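Two complexes, one shared chain (subunit A), two partners (subunit B, subunit C).
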Partner chain A sequence: MQRSSWPWRIFKALCLTAISLFFLFPILWVLLMSFQTNADILRVPPSPFFTPTLANYKALIAGELTGAGSTLQIAYMKNILNSFVLSACSVLLSLLLGVPAAYAFARYRFRLGENIAFTLLSFRFAPPLLVLLPLLLYFQELGLYDTYIGLIWVYQLITLPLILWIVRGYFEDVSPDIEHAYRIDGHSWLRSFLKIAVPLARPGIAAAALLAFIFAWNNFVFALILGSSDVQPVTVGALAFITASGIQYGQIAAGLVLSVIPTFVLALVMQRYLVEGLSLGAVKG
Partner chain B sequence: MADLTLDSVTKIYRPRGREPVRAVSGLDMAIADGEIVALLGSSGCGKTSTLRMVAGFETVSEGSISLGGRRLNALRPAQRNVAMAFEGYSLYPPLTVRDNVAFALLRERAPRAEVASKVAEVAELLEIEGSLDRYPATISSGHQQRASLARALIRPAALHLLDEPMSQLEPQVRAVLRARIKEWLKDRGMTAVLVTHDQTDAIALADRIAVMEASRLMQFGTPAELRERPANLFVAGFVGEPPMNLVEAEVVAGDGRPRVVAADGLLTLELPALNGPLAPRPGQRVWLGLSPRHLAVGRGPQRARVVANQWLGDQTHLALELGDGAAALPLIAVAAGMLEAEPGESVAFEVEPRGLHLFDHEDDTALYHGSPDGTTGEPA
Partner chain C sequence: MYEKAKDLAEAYVARRLSRRAFIDRMAKLGIGAAAARWALSEATTRALAADYDWQKHKGKTVTLLLNKHPYTDAMIADLDSFKKLTGMDVKYDVFPEDVYFDKVTAALSSRSTQYDAFMTGAYQTWQYGPAGWLVDMNEYIGQAAPNYNWNDVLPNLRASTAWSGVPGAPLGGAGAKQWALPWGFELNSVSYNKRVFDKLGMTPPENLPDMKDKAAKITKDVDGMYGIGVRGSRSWATIHPGYLSGFTNYGAHDFEMVDGKLKAAMNSAAGKQFTELWVAMIKQSGPRNWSTYTWYEVGNDLGAGASGMIFDADILGYFMNGGTKEAGNIAYSAFAAKPGAKQPTPNVWIWSLAMNNFSKQKEAAWYWMQWATSQEHDLFGARKMDFVNPVRQSVWDDETFRDRIAKSYPGYLEQYEASAPGSKIYFTPQPLFFNLTTEWAASLQKMVADEVPVDEGLDQLAESVNRQLASAGLR
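== the complex of A and B ==
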């Protein structure tokens, strides 16, 4: 690459800073707000100087929101736990079902194969409300309403197609002859799948799992309709802030920060695999 | 180390939404224990498909394959005891070359020291010692190909399938490795089928060569048989560098011996008395095949004009022309050693009797191959 002149480099740096600020500023603002009292936040004129407080976090973790004079019991930590259980279990189930299915779609042609794959994908662009009402009726009938299992089941509509389609692409990139070479050396089909195909597609699987986790985490409408507060995730639980007397900006900010942490940590952990995927892809030839 | 039999093996691919493709049609081959066979043919003629059926990666559409008396059709690749070097190398990216090569042996729980010495041996054979501790993606394609070849050769399998094992190698290395690979296979009595585009490779390595074209087996024989008794027009026009001169001609009854006349009488050659069911009859249209190595320039009754003279360092390729203008008959002759002949010069030449072949004009099968003395005809 040729070296660019310094005005151009400065211009690029400025642009990058501007873009970063634009995207990072709201996050920073929310982070700051979460350490402020409502009074600090609403002060006119606003001031960047304040005494940080952990009161918002304490209230959330204790499950007691103190608004203007009244106290509201909320189960925010429980919501976070629910989010985690729902998203993690959904992704695990989807991996269990989706990775072998993706392999099958990538390697074998079978009757109606493409149609099945496409139908699964079409769940992604069907409006969820279209299926929710009938689902609600079924769920109440089957006793799945307000259960983890019921929600994990519908979450498959979100996570399974994602995993299936992303991982399928990765399997297609792995030459079948690499597995053939392994199988002709005396290994069974299953071993070649587990020892060759899956490890070679691991970066893709990691990326798909992370993405699916985020999608599941951010889902709102399924849990809103198909569950009560016992199983509801943070996205739904956060509604409680609005119905509380007055809007507690500090507590909302703290709630947001808490709800982002699990996904953030997961992304950091997965990063290793994602990068491995990029570097492996670059030299795969 | 077993004999391989292909019995009218056919492969038809049925790709979704497209016409079925006949990749292999009615292939019959019997390969003896310890024999090295080359599949030779142009791109897309079904060589790889044949190997893949033997290895078990493609189902056999029709016919049967057996190895050492055991029918393979329904066996899984792992059960067939076959080693293969793939056209695309297909090394395991996360393993070093050393581990790739040793992989199959380690799986069979061979002692580590023994595996290490075998890897060293085969690495020395193929000159990849320097690449052993590197990852496949970081070495040149020539070395990847040799590593994949090493992975196949190291196994004591019943059959070795080598799909274009030397296509990426430079000529000098190729010549050396050819000899070493052949020795390795022969020393161990290994049965091998190798695919190649290169006739020199095929001739140097294989005991017998199977020439394929458009999914069919054209001829299966020793290199000498292919050259001296090509079974049909295709083999005659494919084998040899340069291949046989092929000219449309007619057999005519002469006084005494029949003759073959080509290019409106520009070239007339005597044939021995012919008999047998396939022998060409007077009046029959045929393809006349003239082997370049048996066109002796500098003597004989025929005359031709030199168009080009190429000295290749050990032999001379002469482009000749009989007659003039549009009706002229071009011929290629090969002479051992240097030949003094300027373009434009007229030279004498002779068709040695064993360089003369006749093929049916309709179905292209061989009708006649000349014998060295030219007195007795050798009907095909």
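== the complex of A and C ==
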């Protein structure tokens, strides 16, 4: 193999650095903003040089936001916790329901099977605004308005189809012969599902779970309409920094950095599965 | 000692004693600030409780839907006095304005009983009221506590929150229902950077041609600063502040009544003359990305020293005079757009309180609304918090409030007093308000972008508005 010349390598490194900077710049800028006061952020022209402050993070963690002339109470840390509870519980419930369903759709042909699968998929592309008002009416009747259970239930519209359709692809990729061999050894259907099918599809399940978690975490409109301040996730809570007396850009940036941490950590932990899982799912064997 | 402090506090609350005299006498009695505040709070509660059964709904809890706003902050800060006065509890959900009205509309259209009362703008009541979602407050105002003094609320604001529901009928006219109680309001005037104006040897603009020239001078002579900040996003909120205030001052109207039906009138000669100047001013000295400008960008630029002046809500200039780079440099001036006009004609935005018609405890909700719009709470907010602009004349006359504003916001009171007589809602009430006004903003954007000349743009707009009125059965 021919080794590339050093000018070419330098050129490649420069290009890579430029592209990385281009894509990472917004994140870097938000990170810098989170250590600035509002006055620093709104300077004209903007400058990357400033005296860093931890005031934005302190305000978020202490739950007190000092604005023009008054102190406001905020519950941003509770919003992060709410987001975590809602997203994690929604994904767990979807895994519990979606993985066996995905297996059934992948392995068996049954009456109206494809129609049911398509109906579940349609939850993903139906605009939430179409169903919100009727849902609100039902939620109020059933006492589900402003409850974790209600929101976790409605989040299934986001997470369940995603998990079902991604995991179905993985089960279809795994040859059924291994399961058949295991069944011939006298094991039950359930054991073959738990001991053979699920472990083989684990990368796909992990990738689907992570994607579903991110989608649930980013949801805004369901929590806005179907919940109040008790169950508000971070996407709705972050709007508290926009007030008539001004936008608290520093706190928004700090809030953004804090809210990215749980998803970021989860993505780091599951990165291996994510890449492997996504590439496996993309190529049908 | 306690009795004397109590008497002094009661005299102060009853306005028989000035703030200075109250502080002096408390000091002479050797009473510290904390004890004086406590005595004041007690006296305020007693004043409210006189001759009215405030404890009638003791033990009940009212639930409120509120917008994230300094008015809300002031109310929450004073909420203990309501709880003490009534023995009631209050729960509230607070949402920022960007999503607030989605939440209100969802709650009301689903006939939710969740919220007993909520904040609203007057324009929104033109949709909510006729739909049967709001309670006509006239029936409750008649049963208010003896010291409620409804007539103390500025008459233009009372009228601006009352409407008969007949498209085109005047606000506050015959058969009008009081859909909401005014709580706090903003009128539109000029807030400017005094440091820059002084440096350039300029006085605040006197009319629109003068504003256009001075904005051009700032853009030309001050590095990194543009002349005039006004809103430009594709939203009804672009039309209602400076634009409609100036438009009205030129003698133009949004609609006229022809044979009892609405007809678009924004393309009148006066409307075209004003809009021509307005568009030219934005093109010459407005922000570069004007078409994205909302309340926030207009305010931020003034506070950050990126714009020389704004023609927008007076309280936006008020907020930018604290905690910003230009804090302390912002000054205020009433503004009549038409040369030789008798007085300014600022259109207003009124944050008001309305009662959910589906509430299961309307009278309890009324108790909270009555307290929140009372003189006592208004005074608390105006003196100690950012509850500006207050809606009661007695609060504007209050010496403590005036001292605070005069000290920290020079020129604000003068601006208010010159603007107030002509301040009211100048839009014609009709149910298509939001759609048609948003189209008006889109039309302005086309004019500024040179996609259409001003007179042609306004003619096209009027034609489209008439078509929509006809298809809605309003023409």
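Things to note:
The rule we apply is simple: the second predicted complex is superposed on the first by the 253 of 285 C-alpha atoms of A that agree within 3 Å, B and C clash if a C-alpha of one lies under 4 Å from a C-alpha of the other, contacts with A are read in each partner's own complex, and residues count from 1 in each chain.
Note that a residue touches a chain if its C-beta (ideal position, glycine included) is under 8 Å from a C-beta of that chain, and two chains touch if they have at least 3 such contacts.
The structure displayed is predicted, hence computed values, not measured ones.
With both structures placed on the common chain, the touch criterion links A:10 to neither subunit B nor subunit C. By the document's definition of touching, neither partner reaches A:28: not subunit B, not subunit C.
Which of subunit B and subunit C touches more residues of subunit A is settled by the count: it is C. Shared-chain residue A:200: touches subunit B; no touch with subunit C.
Judged by the touch definition given at the top, the superposed model places A:39 against subunit C, while subunit B stays out of reach. After overlaying the two complexes on the shared chain, residue contacts for A:18 are found with neither subunit B nor subunit C.
Residue contacts after overlaying the shared chain place A:61 against neither subunit B nor subunit C.
No residue of subunit A contacts both subunit B in one complex and subunit C in the other.
In the complex of the two chains, the subunit C residues touching subunit A come out as 68-70, 73-74, 76-77, 93-99, 102-103, 106, 109-110, 112-114, 224-225, 295-296, 299-300, 303-306, 315, 319-320, 322-325, 385-386. Subunit A contributes residues 38-39, 42-45, 67-70, 72-73, 132-133, 136-137, 140, 145, 224-225, 228-229, 236, 239-240, 242-247 to its touches with subunit C in the complex. In the complex of the two chains, the subunit B residues touching subunit A come out as 16, 55-57, 76-78, 80, 82-84, 86-88, 90-94, 103-104, 107-108, 135, 137-138, 148, 151, 155.
The touching residues of subunit A, when paired with subunit B in their complex, are 109, 114, 175-178, 180-189, 196, 199-200, 280, 283-285.
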